[in-house]
Amino acid sequence: MGVHHYFKSLSDLEKLFRCPGRFKYHEHSVASHSFKVTKIAQFLGTVEEEHGEEIDWKALYEKALNHDYAEIFTGDIKTPVKYASEELRKLFSQVEEEMVTKFIEQEFPPQFQDIYHNRFKDGKDDTIEGRILSVADKIDLLYESFGEIQKGNPESLFFEIYQEALSTILKFQEMHCVQYFLDTILPDMLAEKFIPHSQLNDITNKIIDDSQK
Amino acid sequence: MGVHHYFKSLSDLEKLFRCPGRFKYHEHSVASHSFKVTKIAQFLGTVEEEHGEEIDWKALYEKALNHDYAEIFTGDIKTPVKYASEELRKLFSQVEEEMVTKFIEQEFPPQFQDIYHNRFKDGKDDTIEGRILSVADKIDLLYESFGEIQKGNPESLFFEIYQEALSTILKFQEMHCVQYFLDTILPDMLAEKFIPHSQLNDITNKIIDDSQK
Amino acid sequence: MGVHHYFKSLSDLEKLFRCPGRFKYHEHSVASHSFKVTKIAQFLGTVEEEHGEEIDWKALYEKALNHDYAEIFTGDIKTPVKYASEELRKLFSQVEEEMVTKFIEQEFPPQFQDIYHNRFKDGKDDTIEGRILSVADKIDLLYESFGEIQKGNPESLFFEIYQEALSTILKFQEMHCVQYFLDTILPDMLAEKFIPHSQLNDITNKIIDDSQK
Amino acid sequence: MGVHHYFKSLSDLEKLFRCPGRFKYHEHSVASHSFKVTKIAQFLGTVEEEHGEEIDWKALYEKALNHDYAEIFTGDIKTPVKYASEELRKLFSQVEEEMVTKFIEQEFPPQFQDIYHNRFKDGKDDTIEGRILSVADKIDLLYESFGEIQKGNPESLFFEIYQEALSTILKFQEMHCVQYFLDTILPDMLAEKFIPHSQLNDITNKIIDDSQK
Amino acid sequence: MGVHHYFKSLSDLEKLFRCPGRFKYHEHSVASHSFKVTKIAQFLGTVEEEHGEEIDWKALYEKALNHDYAEIFTGDIKTPVKYASEELRKLFSQVEEEMVTKFIEQEFPPQFQDIYHNRFKDGKDDTIEGRILSVADKIDLLYESFGEIQKGNPESLFFEIYQEALSTILKFQEMHCVQYFLDTILPDMLAEKFIPHSQLNDITNKIIDDSQK
Amino acid sequence: MGVHHYFKSLSDLEKLFRCPGRFKYHEHSVASHSFKVTKIAQFLGTVEEEHGEEIDWKALYEKALNHDYAEIFTGDIKTPVKYASEELRKLFSQVEEEMVTKFIEQEFPPQFQDIYHNRFKDGKDDTIEGRILSVADKIDLLYESFGEIQKGNPESLFFEIYQEALSTILKFQEMHCVQYFLDTILPDMLAEKFIPHSQLNDITNKIIDDSQK
């Protein structure tokens, strides 16, 4: 029993990989995904605040940091399985919740249990912080799939992920931060230069010529 | 549509790792686990045959080769989740079955569909071949956990796996092949020498002394 | 001495990689290659049977499962070395055979030695099962090299492997299963879509437009 | 120019490994280290709050999330180099600061620049949040080195790291959260069971005996 | 104290990777980089000798083998940091030198200290051997970056490295070996064929057609 | 044709691993092994020189750098195969030689062919440089196997390698450098401290106590 087990569990999240076996060029652990989502949520919250929205930063950070913690107990269940039927989905959520509850009651001293029950609740609710989390989670997924597509991974899976992530982001397009993302960040991502191998010849000749002037 | 997708799926099994993030010294893919289980089942069947049992080799090989194929569709769902409730377990089996059925109907030409429905059925039934598969599956798991324990992996998980695997094997102890395993193979596994670092000094001195005689 | 060493040797096959250092995107162990070859042989045998040929399934599975087992003793000898001269090739085969024989005599109890001598013999003979093994071995090699080419590996080695594998398969083109492979599976493999990075812009705009209707 | 480069830089932190080449059993990226430090800081802040201290949660999360971000620009400079002389240390801090400043001015739109200048400042100041960050950073380092020692990594480097981390934590021993760590968490970490290989025999015999009762 | 520590340090160079986290397809350790630079320098020296220049081979080999040894003490400091200011650069060099000096005095017996002080000095001086080292170091870097570009790594970093390496080589273009490199080796590198995925269809059809003649 | 292929082949040596699949903690490429052997040979030559022996440094460096180059053509052939019979060993050497010869004639311009024929000859002859190479090669192998044993790799293979390496070194014990190795370096290697996990408790308590004085 003890917080030691909780601290130790954090490093299990470093070893839990997303979509195991599919990322060819860059694997992503649940730990580093959680970090990136929190940093993206931080930026999105800043955009909202600039537009006059009020952000409960403590809540936003808690939601983002903990949003995938339960994967320690359940492992990587493929999405189609999870959503195969409404009944199965509900049962899975219930089991997940019971496992988290059991963990908190076993490992945390009583005075901290309520706080952690709250922190480990599903954070994607209708509050502005919950919606920012939903968007940030998908922006990171978009970047992860873009990283594979850009390097030439031919698996159509990453196109499906890209499309699904973008479609989910668009469901929140009334938010200031989503507008900012669509107007300012996404175009830069898509405009990334890719200097093909075939231009090496020209570049090389130009450098040699220049050196001889 | 097509058998091409089936052939291609085989290499997905090479990238699907068992207990992701836990094996420190030697990771095991579902593909190579299936290979080892089939080879172990081959030996166990040979022992049974020597004791006068009749083995349906075609059935045994089919069961062993395909016993984890469905993991392509479901991913690595942690055992405690799978067995959290009888209801969930049943629903889960049902989803798995539906996914396999759908795959066969989409990818295989009609003339081969019945054959593959049969091949992808759960093989661990009460026939002698089904029981050999149950034992072979656990013997490989025993070796996998032994490999980690022997190299000093301190995670208690591998002791739990070792114990669970051995207990399951013992449920079949009336079988000739299990008796053979317990009497002849397991003692050799446990007797494996481990030459500690501290003996290097003595060995070194002995070699140097011998060279000077 | 003992079957324990044989069981343990199976996991050595998980650590023995094919063409070490050449596969950039996906490495293949001898264990998982053996698994895939056996599964492919299973399908090819099914096609033959459908065309009225008789298959000795026990023989086919034994041949496929064990066809590369001897690499445990010899390691990865590059093909040009192996075939540098007829004399060298013969000597190598002889050494390989002696090593397998010695292993069986050391590790297996007498009552199983004949069975394993038979199982570890070179399986690529002129029987229908031997020819199916030859084809299945090359189909897996074709897929392995296709996997690298498709992801953009510029090493010409994989084109050479692809060509050599296809040429060998074609030597067996009078077989039903080879006809089936050429007519039905290979075209699907070659038709695999590859959605290039450059289409991301269009796809993205389309998704955004659709979401705003 | 753009926030896209900032978002993209987050995944560079996934590829930046701590103490490159030294961790044998478990490598740690700067991204996942930042995640763990933030989660540990969250717990430490909770302990302080329970003892009546007031925590500025927004400040604490910002400090923890960003505390190693500057490593993107500077790489892994070995500590003895960094601290070789007071002069070098100062110059180095100055260069780091200039690089962060330049990045912010290049990539962030003007309205966000002040906010990010503030977020990327060195967070280990004398505020309670700054001190919690100092402790959390070292607790994670303690766990990282413990992980290697426990698995038998013989490099004395990890003992030095362990000692240095613990000594730094002790400098903050007047804090409630450090007292809690020393009294409740550290003893559990040190009490971790390690079931040695040599006990396998007994365990095995016990399981077999039990199964035969 | 002792030469044992020096021998052991060599294997630290096997674990020190160049540009950590950037090479996607092929990572390069300082040890293997040093090997390649020495082999390239050997060839360049041979070209110079053929043109009548006199080479001090002992000096050339010592310079090439040891040119990055000091990275053991300093780690991977990113170039922009190192060269951020002349003052910082000088201080870094000084610290590096002091660390090497201290290591030699601690680990080597007195009779070898002068020899190793000399061997570990910065080798890129104005002697012909020093200039050959400068060129060989950049030729290996050119090949390393070419390897990534050729395989489709979209990071512009490798184009920058390629250009910087080539520009530095051109600063030595009055040397025979640089002329040889530019005239004979570089064109072959740039002419490397890249058989695209799209040609697989034609090649396949050609092989099938040929087999049926 | 061209020296470009020779330069490119050097990076193949970075991808060729020694004893593939056996080293658990630290893999060694042929490139980095060649580097370490050359550095060790440099030290051994220095010891000999100090004792009045004359060293042909150019020859020594050439022998050490190139001693495993031929493995590019032959791959990793397991030693027992190579030495299975005198006849096979001879044939094998012959094939290796022919492959090297063919490579030189194909890739090198005529004016450099003799030089490279000489450089790629087997270097382990009876000259002092040849004997230093034999010793340096085995010292590196001794360190490689020691590295595995020290970290607890239970495979007896590494004890066999350690013993074989030491025995070979002892065959040259009349050399000054071997005496130096046995008297001064080996004892330091064997005396390496290994601080076990069980001492963590004491160390921790001592640090805490000290901090409270």
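Note that the chains take the letters A, B, C, D, E and F in the order they are written out, and that residue 1 is the start of every chain.
Please note the rule applied: a residue touches a chain if its C-beta (ideal position, glycine included) is under 8 Å from a C-beta of that chain, and two chains touch if they have at least 3 such contacts.
Here's who's who by UniProt: A, B, C, D, E, F = Hydrolase of HD superfamily.
This is a predicted model, so every value here is computed, not measured.
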Subunit B and subunit A - chains in contact with each: C, D
Could you work out how far subunit B has to rotate to sit on subunit C, using CA atoms and steps of 5 degrees? 180
Copies subunit C and subunit A - interface residue numbers shared by over half, same or different: different
By mean C-alpha position, what chain is farthest away from subunit A? F
D-E against E-F, pair bridged by the larger set of C-beta contacts: E-F
Chain at maximum distance from subunit E, centres defined as averaged CA atoms: B
Subunit A to subunit F: how many Å between their CA centres? 46
Can you compute the centre-to-centre distance for subunit B and subunit F, using the mean CA position of each chain? Integer Å is fine. 38
Rounded to the nearest Å, the gap separating the Cα centres of subunit C and subunit F is 34
Touching at least two other chains at once: which residues of subunit A meet that condition? 15, 26, 150, 152, 186, 194
Pairwise, the chains that touch are A-B, A-C, A-D, A-E, B-C, B-D, B-F, C-E, C-F, D-E, D-F, E-F
What part of subunit B is in contact with subunit A in the complex they form? 12, 15-17, 20-22, 73-78, 80-81, 84-85, 87-88, 91-92, 95-96, 98-99
Mind listing the subunit C positions that touch subunit E in their complex? 24, 146, 149-150, 152-154, 156, 159, 162-163, 166-167, 170-171, 173, 182, 186, 190, 194
What residues on subunit D touch subunit A, complex-wise? 2-8, 10-11, 13-15, 26, 28-29, 31-32, 34-36, 38-40, 42-43, 46, 50, 57-58, 61-62, 65, 109, 111-112, 115, 119, 139, 143-144, 147, 184-186, 188-189
What does subunit A use to touch subunit E in their complex? 25-26, 150-152, 192-195, 197, 200-201, 203-204, 207-208, 211-212
